[in-house]
Each structure stands twice: as structure tokens, then as C-alpha cells.
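Across the two complexes that follow, chain A remains constant while its partner is chain B and subsequently chain C.
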Partner chain A sequence: MNGLRNLVDRPWARWALGAVIAIILLVLPLSATEFTNQTITRIAVFAVAVLGLNIVMGYTGQVSLGHIFFVGVGAYCAIIPIRALWGGSIAEGAIVIGFALAIIIPGIVGLIVALAAVRLRGLALAMITIALPIIGVPIAKRFSDITGGNEGVSVRRLDYVASDGQTYKGNPFSAPAWSGLADDQWQYYLVMIIAAALFGLAFFLVRGKYGRAFAIVKANESVAASMGISPYRYKVLAFTIASMYGGAAGFLYIVALQYTSSETLSFGHSIELVIATIVGGAGSIVGSILGGAVYVLVPQITNAISPESTTVVQGIVILLVLFLLPGGLASLPRVLARRFRRARGGHNVDSSNSTEPAIENTENTKH
Partner chain B sequence: MITTATGRRMLAFAASAGVVALAITGCGRAEPPAGGNGGGNGGGAAEASPGITDDTLTLGITTPLTGATAGPGNCTADGAIAYFGVRNAEGGIEFGDGKTRTIEIKTYDDEYNPEKSVTNFQQMVSDEVFAGALGLGTPTNRAWRDAAAEEGFPQVLVMTGDPVFSSREDGYLDLGLVPSYQQEGGAFGEALVADGQPHKVAVLFQNDDYGKGYTQGFKDAIEGSDDIEIVKELSYEPTASSLEGQITELQATGADVLFHAVSVTPLAIADLQKVAALGWKPILFLPSNTASPGGILTPAGVTADTFTGVYAAGFAQAAAAPPFAESEAGKAYFAAIEQYVTGHEQDGKAFPHCVWSWTGAQILEEAFKNMEEPTRESFYEALTSISGLETDFTFGPIDTTVEGSPAVQVVELQKFNGNGYANVQVVG
Partner chain C sequence: MNSFGTFVQLVVDGLAQGSIYAALALAIVLVHQATGLINFAQGGMAVLGSYIGMTVGNLVVPVNLILGVLVGVIVAVAASFAIGAFIERFVMRRFQGGEEDTKVVATIGLLTLITGAIGMIWGFNFIPYPFFFNTSTSFTVAGIAISLWSLTTFLTIVALMAVLQLLFTKTKMGLGLRAVADNPGSSALSGIRVGRMLMVGWGLAAALGTIAGILLAAKAQLNPGNFDAILVYALAAVIIGGLSSPIGAVVAALGIAVLENLAGTFLPWIGHDLKIAVPFVLLFVILLLRPQGLFGRKSVVRV
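Our next item is the complex of A and B:
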């Protein structure tokens, strides 16, 4: 155990392990089944959504129950321009425009909402954020000419004019011929690259200056203010960034599913995202990935075993995690290590091992 | 110390990612060997589609099995499970290619969430399901319609009144089961016009394709009639928790007809109670999925005299009505539900969808009997060539050959008589 720990503490070993995992994720889709690739793609989509929620909830400590609203708006912002423009003169440019809008518009909406909402705290803020999906669904239905309302809109089978002048049906997210990939592999790489970039940005965000400010705001707003950190400003910032991550997840949702409807915005899914965040591990990057995995895999596994018990199984998972791993699945290695040490009579305890998940962020402020 | 902590977190990050990736790889199934789909000894016949072998056919049903729509959702699977349970026990169904196959049903829970139904579609393809059938819900079925077309996967006898599934669009192997919302709304409109009396109509509709479809069908039917006036139209969102405000406002218009295009069961019950509590006695129109005596009217305390008249458009007998249970077909139906539906409480009569699902299974059986090759194309061809098929519980024969129409087309207007519904031609 000690030998392993020493090995693990060496930088080259960590980089090597990271490289191995990156290579596995790169090579995996080439040999895995279509459904495996589609599943991992969806996990990445919801991991990004959960990551956004984690920035505002896990790292800054502000409850947001309306995160799905930004995912849904992002999905619409992506799918509407792609439907309108793809196959025209700008071709693939439509996807780039969709991606940009899916981040910018939810960001702006999030900023406007945050400017007003984060003046409230705790439950009051939570109540305000509930309003987002509740008004989002009727608004999406009201503008059913562009949103497709309850019936939704799809980007599969769009018309495009090929070089021979004929009109064909095509899918903007099918693999281009030069790539030599199948559609599911192409979508996997597209989603993975964007998700990896977003996770990289979040990693540095929460460990840098802003991350420390978020942590202090979460821990104690008065202390933050006394240190010259405006809680209001940083809460608005966190909320806005979370909205942009939600919007980006909405774009990825379109890449993975190529369909959205007003049902995507509904409040229940927002709660499922919050649950995924808590089960995965609030305030943890790894927890976001695990949260995305839980969100996608639990219904998929219950479908294979007993499709009528999806909700029951979800409930059991939540309760088990809350009772046994209050820090979420991401805290499992730490909890196991602590158990292991306790079983050995408390030898070999060095101070860095006693880091509790709850103060993971605040420790960064000791720099 | 900080370096170590950060490092350990990075390590944990990498390790978890790896574990998840490996776990999923482990779950992944091997690709089916090319051409190894069972039909190998067919000798010159077309290569079998996935999901069909010489002795079984796998049918997938993605529908809401949990959540707010779970009641009707489970029913959409249960009717077929019961019907094919009986057929399988008899040894199977003889297909058009001469082979006898049993029907295996795989159910998938979509929680009325379009994203989950797309996932379920992908899972069905991965599980080598032959065709998807009988699923409930407009957005959930719409979500994978184009994906199914890309895959050449049949999405048939869907339980939504959305007409797009019956449009016979090129490249889609899809077909609706139940009459469109417009047809039902229209049936009531025509009967109201036939009454010849002046009527003032208050309309309450769900703000989606469902409510709008009913209302549109009704409006088209009363168009040009001077006697009938729509005095007020109000809408609501399916997520609403109470429609009391709307009911009160509609009652205040003095209308004598309430067109109630509400699909949410608890809301429909509460509405009827509110209408009665206000002392309002309108002629009431209910859509087929929220008109069941056992599921809606009895819980709401409605008797034959509560309102001037309770009408519903229907296309199949109600399992809750006493004559149903006394008929031969009805007895067989209840016995099959009792025997083959397991895992949750189901009496087969709380929601009409169980009977509809049974009907869908009968239509599927007819298609299976006529499909000459073990392929999806041949199945779809057979399914859309049925005419004059008599089923146990529908009011008219099944005809799937009419372009733009779902499998069940004969809609009758029915009046509630205290126990069940009886067919009528005219309102009043």
C-alpha cells in the first residue's frame, strides 16, 4: 500500500496514468459497439451539464434548481440555426454558429437572471431558480413555429443540395466521408473533445483566483466581503459561467441526440441534475463525471433488469449515497482509504491524507 | 502538502474516468457476427433482419413505465404482453414464411422523457429488437422517429394521436394506432351540430398538440353552423396543479357545453368535481383517454345525472363497462391480463390503453401472419396492407391501407349512462 502510494505521488506516474486513460478513451470507440459509444457520449453530455451546476452549487454554494433551463435553451440555440442554415451556403459553419449561440445566449440569460436572483440567498434563491423551467416550458410551446413545441425539432434528415445539384436528406452530425468514421464514433469524438476542453477550463477556474473566491463566498459571505471579495459579484459570475456550461451541454445534447422539445426543459429533469450532482460529488470535478455517469447509466441498467423500477432504484441509489458517502461517489477512494487505515490501527497517518471533502476548496485558499 | 493533495485529486480524477470507461467497455456487447441472424437455413430467402430468428421475434416497447404517466404507460405494454402471452402458450404464431415463432417483448422505461426514449431506441438497436411498437406519448415518440428512419427500424402502432406517424412519409416505417385527436374532436362537433339546437361552448384545452388537435377537430366540424358558438377558450400547461380558475371562468360565461380537452388524469378528476361543485350542469365532452368510468368518472363522483350529459369519443369498448366483462372476448382478456402481467398491480380496466394495446397486438399478429420474409420491410409491407380485420374490441374493422390514417379509424360518439358508455349519434 505504501509502495503504491509513493508511486502514485510521483508526477511522472500521474501523467502516465492520465495518458493511459486518455489513450483508452481515444481508442475505445474504434473497437466498442455503437451503443457503448452512444452511452459514453451521453455521459459526457450530462457530465458537462452537471459540471456547470457544480460550479454554482458545489463550488460557490448557491442552490440552483433551474439548471435544465439553460441546457434546454442551449439546445434550442444550437438546433434552430443549424436547421435554418445547414445545407445552405455556409454548410458546416452553421454548426459553429449553433455552438457559439448555445454558449452566448444562455450566458446572457443567466447573467440577467443572476443580477436579480442572487440578491437572495439559500432557499429564496432556490425558489427563484425553480421559476426558470416552469416558465421555460410554456414559452417554448408558445413559440412552437421555431421550437416545434411539444412535438419538438430534429436535425436528422434535413434537406441539402449536393455537388451534383440534387437535393438529399442529410444529418449535420453524421460523420464526414474524409474521417472514415461511423456516425457514433464521429459524435463521440466531437462531444469528447468539447467536453474535455470544458472540463479543462473548469479545472483551472476552480483552482485559480476565481475558484478561491468562490470557495470563500461559499464558506462565509461576511468573511469574503471583509477580504475585499464581493459575494454578489462572484455569485453572479458563478451563475453566469454555470449558465454557459449549461448552454454548452445543450449543444452537446443536440450532437448526441439530434432532437429537442419543450419537454427537455421540464422541471423534473432539473431535479435529476441536482441529484446527479449530489450523488456524483458536489464541489468535485471527478464528481461531475460520476454524476453524468449516474444520470445516464442508472436508467439504462434498470431498463435491462426491471424497467418498471427506474424511480425506485434511483431513490435507493440516492439514499445509499447520502447515508454512506455524504461527499458523493467522488469521495469513495478517500472513505475507503480512511477505513483501511482505521482497520490497521491508525498507523501511517500523514496530515495530507486527512483532507476532508468538505474543505477541499478552502484548502486552496492557503496558498 | 498542497502539491500532494492536488496530485491525489488529479489521480482520483484519472482513475475514476478510467474505471467508468472500463466498466462501460465491460458492459459493451460484441458485434453480432455478419449474417448470423438466425435465418441462415432459409435457402435463398432474404437475409433476416435483426431481432427475428426461426422461432422468435423480439418486439420492443419504449413507454413511460414510471413517473406521472406510468398508469397508462404500463397499460400500453400490458395488453400486448397478455395477448402474446396467450399466443406463445399456444405454441406461437405461424408467420407468412411458414415458420412458427413466439413473440418476445422487451419493455423500456422512458419516464415520458424524450432524451430517455432516444436512449431506449439506441438500446433496442443494441439489443437486436426487430421493431418498436405501441409506445405512448407524442414527444417521446417524435424524439426517435427520424433516428428510426435512418436505421430502417419500424416504429409502429404508436399510441399518440399525432397524425405525423400515419403520414406514410418516404423512408419512414411508421404507423399510428389510435385515431387522431382531430377525429375525436370532430366526432363530437358533428354530433353537436346534428342536434340542431343552439349551443354555447366553453373550451378548455391542454396547450400542446393534444389539446390543440382536439380543439381544431371540433372547430372544423362546427364550422358553418350558426347555432353553435364558442364563447370562451382557455388553455393550461400539463404541469399545472389545478385548473379551478379556468373552470370558474368558463362557468361564468353561461355556456351549456364544456369541451374538456384535458389529458392529465388528476386534473380531469378535479375539474369534474369543480364543475359539479359550482352547480354547473353542462353537456360535457371528454377525450377517450380521460373518459374511463373506473379511472376518471367514478373517482370524481360523477353519476348519470351529475351533468346534462357526459360524452366521449371512443373507438374501442371500455373494459370497465359491465357488458365487457361478460363477453367471451372480455373474459379471455381479463384472464390473460391476470395470468401474464406481473410485477405491478394491474386490473386491465383502470386505463383504456390496456385494451388498445391488446388491439394493437391483434393487428401485429395479422401482420406477422402475412409477412413473407423475415425482414423489417416485409413486416411493414404486411402491416400497411391490412383491411377489414375484425378485432375483439374496436367499433369497426381495421384498415391500414388508407394513406394519412392510423390503423384504427372508426370513431363513435358515446354517452355515459352511469355504468359505462353507450354509442349515440346525436347529442341531447
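Our next item is the complex of A and C:
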């Protein structure tokens, strides 16, 4: 397995793997079934949500249990202006307005929450954010004339006035005639392009100056403060960016489903999102994509086998991952490679192994 | 009824509801003092204990109601003590000394597992809980109707807190528990069995939560999600009262419940559905003005 491991470590091999996956994702929707396309679209939507949670939880070490609240708020902020404005004098511009609001408003809400919640060290953020979905659902129900309450709001068959002055029914996210695509393919590409851009931004964020500051805040707040990095400021920043990613995921949710309700931001979904983030791999870009897949696929699979077992399975999965694979699914190739090498009894002395003792030490202290 | 009568009645009902929040908040503080972590599964464990109590109690209820309820309560408390100790020993201890966020996610995993298991075994519907008396009974004092359930709940929780206080200050085990909470390393060196004390701490917290769970179920019936919202109130109380102060948490829990009851009735815009937002508005104001909580101590961190 050593050969494979070395291959995984080579940058060009990773880029090649990434390129192959990108090409597959680009070509796949043209031949796949509608269900497959919609499932992959939803995975991309929730991968963005998990990525946001990862920025605050995986990279900055601050547990947020209410991230789904920002997804839900983003979904409302996207769908409400689209419903009100689409097809009128500003036509498709309504979608752009929806996208902008879906990022700005959750960002502002996140900033306000963080300014208060981050003042306490440790777990206060988790203790406060757990309340967001529990407060969010009754608020959404209270304003049911704009949020639709339990029934929700949909733009699948939206009345709009076309340029000829007539009223038609239409879906803002159905494929335009010039594209020659089916609706599911159009929504797939739209979501994928935006998600890829958001992942690219996050990639540079976590590897740049801010990412290093987040990592120091996560490792040791006192050290961060002594180096002139204000833990308070960077935690607020991380939480605000995470909220904006949550809001963006809410917009993509509307692109994918053209519908949202108070159920979208429920407490249960919030917990599922946290579980998906850890199972996918905290503090990892690849882990965020895997987390999106976990969020969408695990309930789909358990619902097919036995619907009442969904919650139990999620509880068991998360505890097993914490026990056996603390780095989540994203760390699986590395862990497997190490197991295989150890099984062969070989002690390689090439330079790529120099970090091994450190990793094993930290694992031993956890047990 | 005049508005003063309404006011007094709301305060009394608020104190009863608040004592349920207080019991859960106290359980959370108990675990936090012993192990430094926030147990987000505390509410789920309380509900699980209540279901066990209901199931066993219902076996005896056809023979004698009072005896059945009593057996149910005793079995529930014993079972949840055992479950709490078991979870500490076989799940949480593995994460002791690890990162804080891992521990939080572990308790979240426990919450999910417990809620899911309850749903699989007992279903997701509301189930009535057999109780000593009809919980809608009330009596009138000076023109103010006081619910018998409110009075019983309040007095039970107050009595439990007195017992816990005695346990912690007057017994050898209480001394051991406090020593472990204060300094596990030194405690181990002076012969205290730290692991066992942690298990006792978790067990006591679980048992306390279960009694609150049963009192709530007696009035509002039993449902896997019974404590989801109450956990949020309890956490708010713990933050407002200060994580290091059991009395602060209890006072804050009672205050929150009374305040939200009054706000829900006297501010029509808030109403019954939005009163859960009341403690959080309060919490935000307090966090901005006094981050260590109303009763907490400011702690200095040494590097």
C-alpha cells in the first residue's frame, strides 16, 4: 500500500484525481436519471452548509449547534424576494437580489449572535446556538403570511407578468430554452457552479492569513492573544463567515427545491448537520463534501430500510466515528494506509513518514 | 379575575415550570463541575428515565395507582442513575482530556441515539403518564387558583435541592465529589477514587433530571422531544446564573420561567409561541454587560 500512499501524497496525483472527478461531475448529469441529478444537487447544497459549519467548528474550534438556522433564514431571504419580484420589471434580476439577500441577512444575524455569544469562553457558543433553531421555528410560524408557516412557500408555479402584459405561471429555476437542458440538469449546473466558487473561496480563506489565525485561536486562545491575534475578533469573524455560507446554502436549497418551510430550520436537522460535519471530517475541505453526502444519503438509505431507525443510526454512526475515526471519513485513506503498512511490519524511513510519531502521540492521549 | 390575581397565578405557575428548568440546569451544572463539560444529552437522559418509569409503573398501576406510580418513580430514578454512570464510564471517559468540541459532539451523539432509541421502542406519539393525582386539579386561595401540580412540582424540586445540598456538604461522598470537581489530580493522590466519583456525579445528575422529566410528563404527557426546548431554557439559566454557581442557575431558571410566563400573557405580541425568545433577549443583554453571568466568578486563565 505504500505505493498508493505515496501516490496520494503527490500534489499532481491529487490534482489529477480532482480533475477526473470534476469531468465526471460535468458530464454525468447529461446521462444520469433525474433522481440521481437531484440527489447530487442536494449533496452540493448541503456540502456548502457543512463547509460553513466547518469554518467555525472545524477550523476555528467553536461548536455551533444552530447552523441550520442560517440555512433556513437564507432560504427565506432568497425565496421571498424572488416570489415578490420575479418576472416583473426586473425579470431575472430578482434571483440576483435573492442571492445577495440570502448572504447578507444571515451574515448580519450571525454577526449579532456572535458578538454576544463569543464573549464567553468555551462552550457558551454551543449553548446559545442550540437555541437558534428552537426559537427560529416558532418565529417562522408566527410570520406565516410571508413564510407560509408549516406549509411553506414555493416558487414552482409562480404567477408572473411577462413583457406582453399577460399573467403566466412559471418556475424561476426551470431551464431557459437556449440552454437545451432539462430542469434538473439546469439546476444541477447552477448549484454546482456556485458551490464550486464557494468552495474555492473557502480553500483560499483557510490556507491564507485568516485561516492561520483561526488555527491558532483553535489551538490556544492565550497564545493567540499573546501574538496579537484577538480570539474574540477572529471567532466573531469565523462565525459571521460561517453564517454567510449557511445563507448561501439556503439560496442553493431554493435553486434545488424551489420550496422551503419552517421544517427546513428544525432542531433535528441542525443536529444532523453537526453530525454530518464530524462524520465527513472536521477541518477538511474534502470532509465538507463528504459531510454533504452523509447529510443527504444517510437518511435516504435508512428511510429505505426502516424509517423509524434513522435517528438511532445517526447516533450510532457519530459515536462510532468519534471512537474509531476522529478525523472523519476524510481521514480514512490516511488511516487505512497506516494500518496496512503496520500490518506488513515495515518501517519506512522515507521523509514522508517523519510526521507519523506526532500523529500517533496525539491519538494515544485521546484514548 | 383581576389582573393582580392573574399576576400571582402566573408567578406560581412560572415557579413550577421554572423548577423543572432548574432541575435540569442543576443537573448540567453538577456534570460541568465534575467533568468540565456540558452534557447536551441531559434532557434526553431525563426523558429516557421517564419512559422506563412509565413502562414499569404501568405494570403495577392496574393493581394500585399510588403504588404503581411510586414503583415507577423509584425504578426510573434507579435506572437513570445506572444509565448516567454507565455513560460516564463507557462513553464519556474515553473523551476525557480530549478536545472540548469532541466532547460536545459526543453528547450530541448520545442525545441523538437516546432520542432515536426512545422513538423506536415507544414511538413518537404523546403518551399519558400515570400520576398520583389528576394534574388539572387546582384549589383556590384568596381568589387565586393554584394548580396542585404546580405546588407539588415546586416543593419536590426544592426538597431535592435541599437533599443534594446536604449530600454535598455533610457527607463523606459529597466531600469526595467536591474534591474531584476541584482538583482530580490531587484527589486521586489522596486516595479518592476519581473514576467512581465521576460515575456517581453523572448518575446523580441523571436521576435529578429524570424526576423533573416525570413531573413534566405527568402534566404534559410523554414524548421523545419533551426536553428539547427545556434543555434550551436550562442552558440559558446556566449561562445567566454562571456555570460555577448552582444557586445562580436555580435562581435564573425560576426567574426565566416567571418572566416568560408574564411576558407571554401581558405582552400580547409575544404570546404563547414566542415566549421562548424571552430568555434569549435577556441572555444577550446580560452577555454584553456581564459575560461571567450574574452569579459567576470571573476566572483568570494562567498560560
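Methods note: the second predicted complex is superposed on the first by the 325 of 367 C-alpha atoms of A that agree within 3 Å, B and C clash if a C-alpha of one lies under 4 Å from a C-alpha of the other, contacts with A are read in each partner's own complex, and residues count from 1 in each chain.
Rule of thumb we're sticking to: contacts are C-beta pairs under 8 Å (C-beta built on N, C-alpha and C of every residue); 3 or more make two chains touch, one makes a residue touch a chain.
In this text, all values refer to a predicted model and were calculated from it rather than measured experimentally.
Student: What does the overlay on chain A give for chain B and chain C, a clash or a fit?
Tutor: After superposition on chain A, chain B vs chain C: clash.
Student: Hey, is it chain B or chain C that touches more of chain A?
Tutor: Of chain B and chain C, B contacts more residues of chain A.
Student: Classify the contacts of A:Phe267 with the two partner chains as first (chain B alone), second (chain C alone), both, or neither.
Tutor: both
Student: Per the contact definition in the header, classify A:Ile229: touching chain B only (first), chain C only (second), both, or neither.
Tutor: neither
Student: For A:Lys141 in the superposed arrangement: first (chain B), second (chain C), both or neither?
Tutor: So A:Lys141 meets both chain B and chain C here.
Student: Taking the superposition on A as described, I'd like to know which of chain B and chain C A:Ala182 touches: first, second, both or neither.
Tutor: Once the two structures are laid over each other on A, A:Ala182 reaches no partner at all.
Student: Look at A:Ile278 in the shared chain and tell me whether it touches chain B only, chain C only, both, or neither; answer first, second, both or neither.
Tutor: A:Ile278 contacts chain C only, not chain B.
Student: Of the partners chain B and chain C, which touch A:Phe323 in the superposed model: first, second, both, neither?
Tutor: In the superposed model, A:Phe323 contacts chain C only, not chain B.
Student: After lining up the shared chain so the two structures overlap, which partner does A:Glu308 touch, if you call chain B first and chain C second: first, second, both or neither?
Tutor: Once the two structures are laid over each other on A, A:Glu308 reaches both partners.
Student: Given the superposition on chain A, at which of 133-141, 187-195 or 259-267 does chain C overlap chain B?
Tutor: The listed stretch with clashing C-alpha atoms is 133-141.
Student: Take the contacts of chain A with chain B and those with chain C, and give the residues found in both.
Tutor: On chain A, the residues that contact chain B in one structure and chain C in the other are 134, 138, 141, 267, 308-312, 366-367.
Student: Within the complex, which stretch of chain B touches chain A?
Tutor: For this pair, the touching residues of chain B are 1-2, 4-18, 20-22, 24-25, 27-31, 65-67, 74, 107-109, 111-116, 118-120, 122-123, 125-126, 138-140, 142-147, 149-150, 162, 164, 171, 207-210, 237, 239, 343-344.
Student: Under the definition above, what is the set of chain A residues touching chain C in their complex?
Tutor: 57, 61-63, 65, 115-117, 119-124, 126-128, 130-131, 134-135, 138-139, 141-142, 222-223, 226, 267, 271, 274-275, 278, 282, 308-316, 318-319, 322-323, 326, 365-367
Student: Per the contact definition, I'd like the list of chain A residues that touch chain B in the complex.
Tutor: Residue positions touching the partner: 8-9, 11, 14, 17-18, 20-21, 24-25, 28, 32-36, 38-40, 42-43, 134, 137-138, 141, 149-152, 154, 156-157, 169, 171, 207, 253, 257-264, 266-269, 285-286, 289-290, 293, 296-297, 299-300, 302-304, 306-312, 330, 333, 351-352, 355, 360, 363-364, 366-367.
Student: Residues of chain C touching chain A in their complex?
Tutor: That would be residues 37-38, 40, 91, 94-95, 97-102, 104-106, 108-117, 119-120, 228-229, 231-232, 235-236, 238-239, 273-274, 276-277, 280, 283-284, 287-288, 291-292, 301, 303 of chain C.
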